[in-house]
Amino acid sequence: MGGYSDVQMIDENGIRVDGRTAGEIRPVSINAGIIPVADGSAEVIWGTNHVIAAVYGPMEAHPRKIQKQDRAVLDVRYNMAPFSTTDRIRPGFNRRSREISKVTAEALESVVLTELYPRSKIRVEIEVITAEAGTRCAGITAASVALADAGIPMTDMVISVASGKINGVVVCDLNKEEDNYGEADLPMGVCANSGELVFLQMDGDLSPEEFQIAWDYNMEAIAPVHEMMIDALKRSNGGDE
Amino acid sequence: MATPPVPELLKTHLTKLAESDERLDGRGRFEGRDVIVETGVLARAEGSARVQMGDTIVLAGVKFQIMTPYPDRPTSGGFMTSAEVRPVCGVHWEAGPPSPEAIELGRVVDRGIRESGCIDMEDLCILPGEKAWQVILDVFALSDDGNLFDAFATAAMAALRTAIIPGERFDVGEDRPLPVSKTPMMCSYHRVGGRFVYDALRREEIGGGERIHITLGDDNHVHSLQKGLKGAFTAAEFDEIMEHARSRCAELRDLVNN
Amino acid sequence: MATPPVPELLKTHLTKLAESDERLDGRGRFEGRDVIVETGVLARAEGSARVQMGDTIVLAGVKFQIMTPYPDRPTSGGFMTSAEVRPVCGVHWEAGPPSPEAIELGRVVDRGIRESGCIDMEDLCILPGEKAWQVILDVFALSDDGNLFDAFATAAMAALRTAIIPGERFDVGEDRPLPVSKTPMMCSYHRVGGRFVYDALRREEIGGGERIHITLGDDNHVHSLQKGLKGAFTAAEFDEIMEHARSRCAELRDLVNN
Amino acid sequence: MGGYSDVQMIDENGIRVDGRTAGEIRPVSINAGIIPVADGSAEVIWGTNHVIAAVYGPMEAHPRKIQKQDRAVLDVRYNMAPFSTTDRIRPGFNRRSREISKVTAEALESVVLTELYPRSKIRVEIEVITAEAGTRCAGITAASVALADAGIPMTDMVISVASGKINGVVVCDLNKEEDNYGEADLPMGVCANSGELVFLQMDGDLSPEEFQIAWDYNMEAIAPVHEMMIDALKRSNGGDE
Amino acid sequence: MGGYSDVQMIDENGIRVDGRTAGEIRPVSINAGIIPVADGSAEVIWGTNHVIAAVYGPMEAHPRKIQKQDRAVLDVRYNMAPFSTTDRIRPGFNRRSREISKVTAEALESVVLTELYPRSKIRVEIEVITAEAGTRCAGITAASVALADAGIPMTDMVISVASGKINGVVVCDLNKEEDNYGEADLPMGVCANSGELVFLQMDGDLSPEEFQIAWDYNMEAIAPVHEMMIDALKRSNGGDE
Amino acid sequence: MATPPVPELLKTHLTKLAESDERLDGRGRFEGRDVIVETGVLARAEGSARVQMGDTIVLAGVKFQIMTPYPDRPTSGGFMTSAEVRPVCGVHWEAGPPSPEAIELGRVVDRGIRESGCIDMEDLCILPGEKAWQVILDVFALSDDGNLFDAFATAAMAALRTAIIPGERFDVGEDRPLPVSKTPMMCSYHRVGGRFVYDALRREEIGGGERIHITLGDDNHVHSLQKGLKGAFTAAEFDEIMEHARSRCAELRDLVNN
């Protein structure tokens, strides 16, 4: 979190640099089935973020030592393409991407019916093509759509959104410019139907009251994004799903 | 750490115990093990602590290096946390590059401290744009009987609060205490037998589900959250945990500050 | 990429088709798939392109860095190509360090461009001996249904030809287009069912034999050749391929230049 | 390719810096059986190049996942010794050596009767002891002799030679000095008897006419080198093969 | 070996900087059973050195390729904690620690009855918490106690001590300050009962006569340390072993 | 190197031979193979040697680089040894990162030379605190039929004693011989069939036990010792070996110095 609070990012009317109100998310568009050779795929364009997810499987898990006797393993990789940020990213895994891959896998495992596919593996590849704050949330959302597009049975769909704080004000879905001066970040992954959480991180500084506001903003954003996900899947399946 | 095969018997046993709200070692749901904090335990570290919680034992050591400040923060020092959980501390930890669990451990401990702002990074500046102190926090597990997260976080704060900046050895002024203005503390909860418990034993971790780590500052501000492992939890469950964390973090803070 | 077990049935089927000079998708031996080139598709790259050939889709992004020129070329900038074919693009591509196939892909694409001299390296000099632009070309596969080589080479040239040197962001003069004086293009041929075909599908690659990659410049000069995989070919076979490459490269060049 | 064409590397009589004519290769000597503990071995001294190849096997391929059910795998490593060049080379594989290992393996697989040894592995180790332009060609040639010395059945022997261009003139087999100013490099691997190609690379700039000349120079160099290979094998086997 | 012999490290009475005589070792204390979750453990505090050893096993050796049909393998790791020295050590193995791990494993294999546990593995983890010259010796000694604490059958116990040379004088058990100016280092690992050697290294410069003195100093230090090891095991087992 | 399965038959055979004090190739216990030393064998190295002992063949090459002296030794040059035993030299050596055996080989050869003080590090200084020569010794095995340690050590000294510091190429003065004032030599002993033998064959190594490496200087000073592999030996056994090493090192030294 940057925290240079002397830069004014919200005007006297509570309007943010890109014209949004405090609780408003960026424009979102979602498309499914965008990678022809994948078993399922999706792209999430969330503000300037462009994130792609592909799903392969279920397939035999090999080497055998990664197999689970009673369920499928979710092999999730989150990666930022070298050209996704202003400063080029050198290829190769790093600790940040490993941690994001891990928490994403754990979030998705909470809804995928992995016990239907013992000893098998489901590959979930998340690629950030263009990054603009909030890529891990967009990645989880994209992966959720790609899994559905692949026909993988799930108990629920996961939508992920983050709220934050800037100039001491809690706002939903920080963009890159806001994030540079942000004072907190609370990304959550919520099940569309049950309302349960399968993903939660946070860093920065939030008072108990601020925390509640940020939490509520995230919860309010779930339903509209869920609509777009369903719509994307319908379009991908010829509109008759 | 290779994921150990989940013993179904253990899981069943933990569920049974949970039905009568019991735990393996007789503790209550939100009861922690005794915590023993010793500082100044490492002869070669500029700050150090040893924390024991039951059979879990960890060390934390603080070292200093001189760094060139990052161009966009010419008057700021640096802070990094490294948690290499080595196989010495348990049969389930294996040699090799840091496992995803060890990476997560280090990053979650780091974030709680960093985001609380308890270390004044500007105070670490020696010569603007040229020299600043980098604080390196190494947490090291000697014996893992569960809840390394809290043991590490507690040892880390105890080590930082007693650390001396070695100005003389580096020939940049006098030795002085590292300025640490707050004491963020972490509390961790595991789903065991269906409900969340505080300060899980290793066997509760093995037979349990998801875990939630909460780092709170002096004033109950939230500085870091992390949900780990497969599992879904409700907002009500989270509220209950958060309420306990507020009182327990205060107790741990007293332990570290005295 | 782990070598997939060659399905003997596929091989037999391809041989059958070849006997009547047919292919899996009805194309002629030297007929390419439709090529769609879009530029300016990556918001964070200084030059970019997306190329689709059937179900094969790739991206290319150009980024710039400031480098210190090599001592023996004090007035030259730099150019590097990186092709990390990630597992997103197909079930047969696996995670991990770059496979020999990915290394070969990057090196062959790089050589065709570099050796054509299409980028004036001297023009990338900012301050002799001290500062020069390094052009970094990243090619990225989204969907691999065969012939990544040509898709990458085409996207690369389209991205380079639209790239803007970001002088202002680096505070070294004004933004200006990257000077690209030529348009080397690559055509690739696979032995399938005994004879060479152009622009192979993934299934033709799996059931096929050796492959030959040819990069030709504006004036039909040869800039790069590469034979890959097990197999032997005759001089007559090579002549036939080269003749086709001369006309097809010209077509692709028109597509990229417009 | 360097391409500083203002340095004069060929005189008015078409004679090159080391006294060769345009189509002439450097002095070559080949010896087989030079590594006592190997199943087959050879050294190629080509100009100042000194390249050694050792062959071990066929042996059981392990780990099992590298086994092929219907043939032997050729496990080829090309490596430059740290003291092989003017500037010391740090040990460890790099992208260049990986690529050369790959194309060398593919060239040799085209002539070795690998189907005689299912599930097995043949190790081919190529070590450049002294390098002076053209090491990949010398390595392929040395490996060819070493395989024959090991008694591995082959349909043909591969000879590899490169032609290039300097001062706008196509010449055969650039030496190091010429290579520094070379404008093109066309290495080819040709089967001695069938005349087919199993290895082909090229970079630089060659007009269609120049390309044909370079191709022809390479083809003309095959037969004399093949003679030396056969002679080396005869000497290694007591002169009675 | 440093070898700046103009710094005076021994006074006219043969007394060293820390008050020891030439043949005297630093104060040593040993404790067993200090890691609750390990099958066996020990710490050796030797001067300022603080070295910990943990033993896990015997357990099934995996992956299977490391199994020995006729005996257990000793999987020994020697590591210096990042905070063990004045300058922080970056985590990760290096050539020094690999070599020490190897010679330590070979020393311990010479006394452990590995043939009692075919196909299994015994893990020995040596961690240097604080380093002050002589850590490899302290590590071997600690591992020896930890193996005994784990109840692993052994033919003998190994004690390791090093002698050295400073200001041209042979002395036993150099401390850090002496080591910085030391002219030789002779670490040995000796079996307490048989007197045989299972570990030996040396570097520096020792005349044949000096070598003999250093050797004898080491031999004389074995018995008292052995007493402490036995005492530590007795205390760990309730004093009745 | 993957440890080869110890052939019990070989072990039994070696024990049988030992009972009548014989060896596989008819040599006596402390008899070495003929040693052939050639220098100047590598066209690109500043010093080089080839050593053959029976079917064991190795190369050593000396290269020079310019380094910045370490801050605590501003007038000292550097010396490093690298032994990458590549799979070319034997079926039992495998590709990949250096094995523990290769690391030990390099470190033991390095220590013997370094600790003897035979290279005057101060003489390698070019400009105090700024520039000094770094001597890089690469030892390379062509054929391993046992006792690479001694072959490497012998080749190393022969290469160093003939090395020329390439001042002219680096533009820092004239070319001159590397000053090497002593000739430390190594002798290695393996326990085979119960007793120690000198200069073991590969098959004796495979069927043998522990090994001891001794490096002695011109005046019989000990510069380096190393015991390798599982096994225990007595002081009396060591004394016998040391006595032989004193005479044999002198013989090898003559070979290298002439």
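Worth pointing out:
Going by the order they are written in, the chains are A, B, C, D, E and F; count residues from 1 in each one.
Assume contacts are C-beta pairs under 8 Å (C-beta built on N, C-alpha and C of every residue); 3 or more make two chains touch, one makes a residue touch a chain.
All values derive from a computational prediction rather than experimental measurement.
If you take chain B and chain F together, the chains in touch with both are E. Between chain C and chain D, the least number of touching-chain steps is 1. Between the Cα centres of chain D and chain F there is a gap of 32 Å. The mean-CA centres of chain A and chain F are about 58 angstrom from one another, to the nearest whole unit. Mean C-alpha positions place chain D and chain E at a centre distance of 52 Å.
Separating the CA-averaged centres of chain E and chain F is a span of 26 Å. Multi-chain contact residues of chain A (touching two or more other chains): none found. Among all residues of chain B, none touch two or more other chains. Judged by the touch criterion defined above, the protein chains form a single closed ring in which each chain touches exactly two others. Each chain touches its neighbours in a single ring, whose members, counted from chain A through chain C onward, are A, C, D, F, E, B.
Against chain D, the residues of chain F that register as touching in their complex are 42-45, 48, 55, 57, 59, 61-63, 65, 82, 84, 86-91, 95, 136, 138, 140, 142-145, 169, 202. The residues of chain D lying in touch with chain F in their complex are 35-39, 48, 50, 52, 54, 56, 59, 77, 79, 81-86, 88, 91, 123, 125, 127, 129-132. In the complex of the two chains, the chain F residues touching chain E come out as 100, 103-104, 106-107, 111, 114-117, 210, 212, 217, 219-235, 238.
On the chain D side of its complex with chain C, the touching residues are 1, 3, 95, 98-99, 101-103, 106, 109-111, 186, 191, 194-208, 211, 215.
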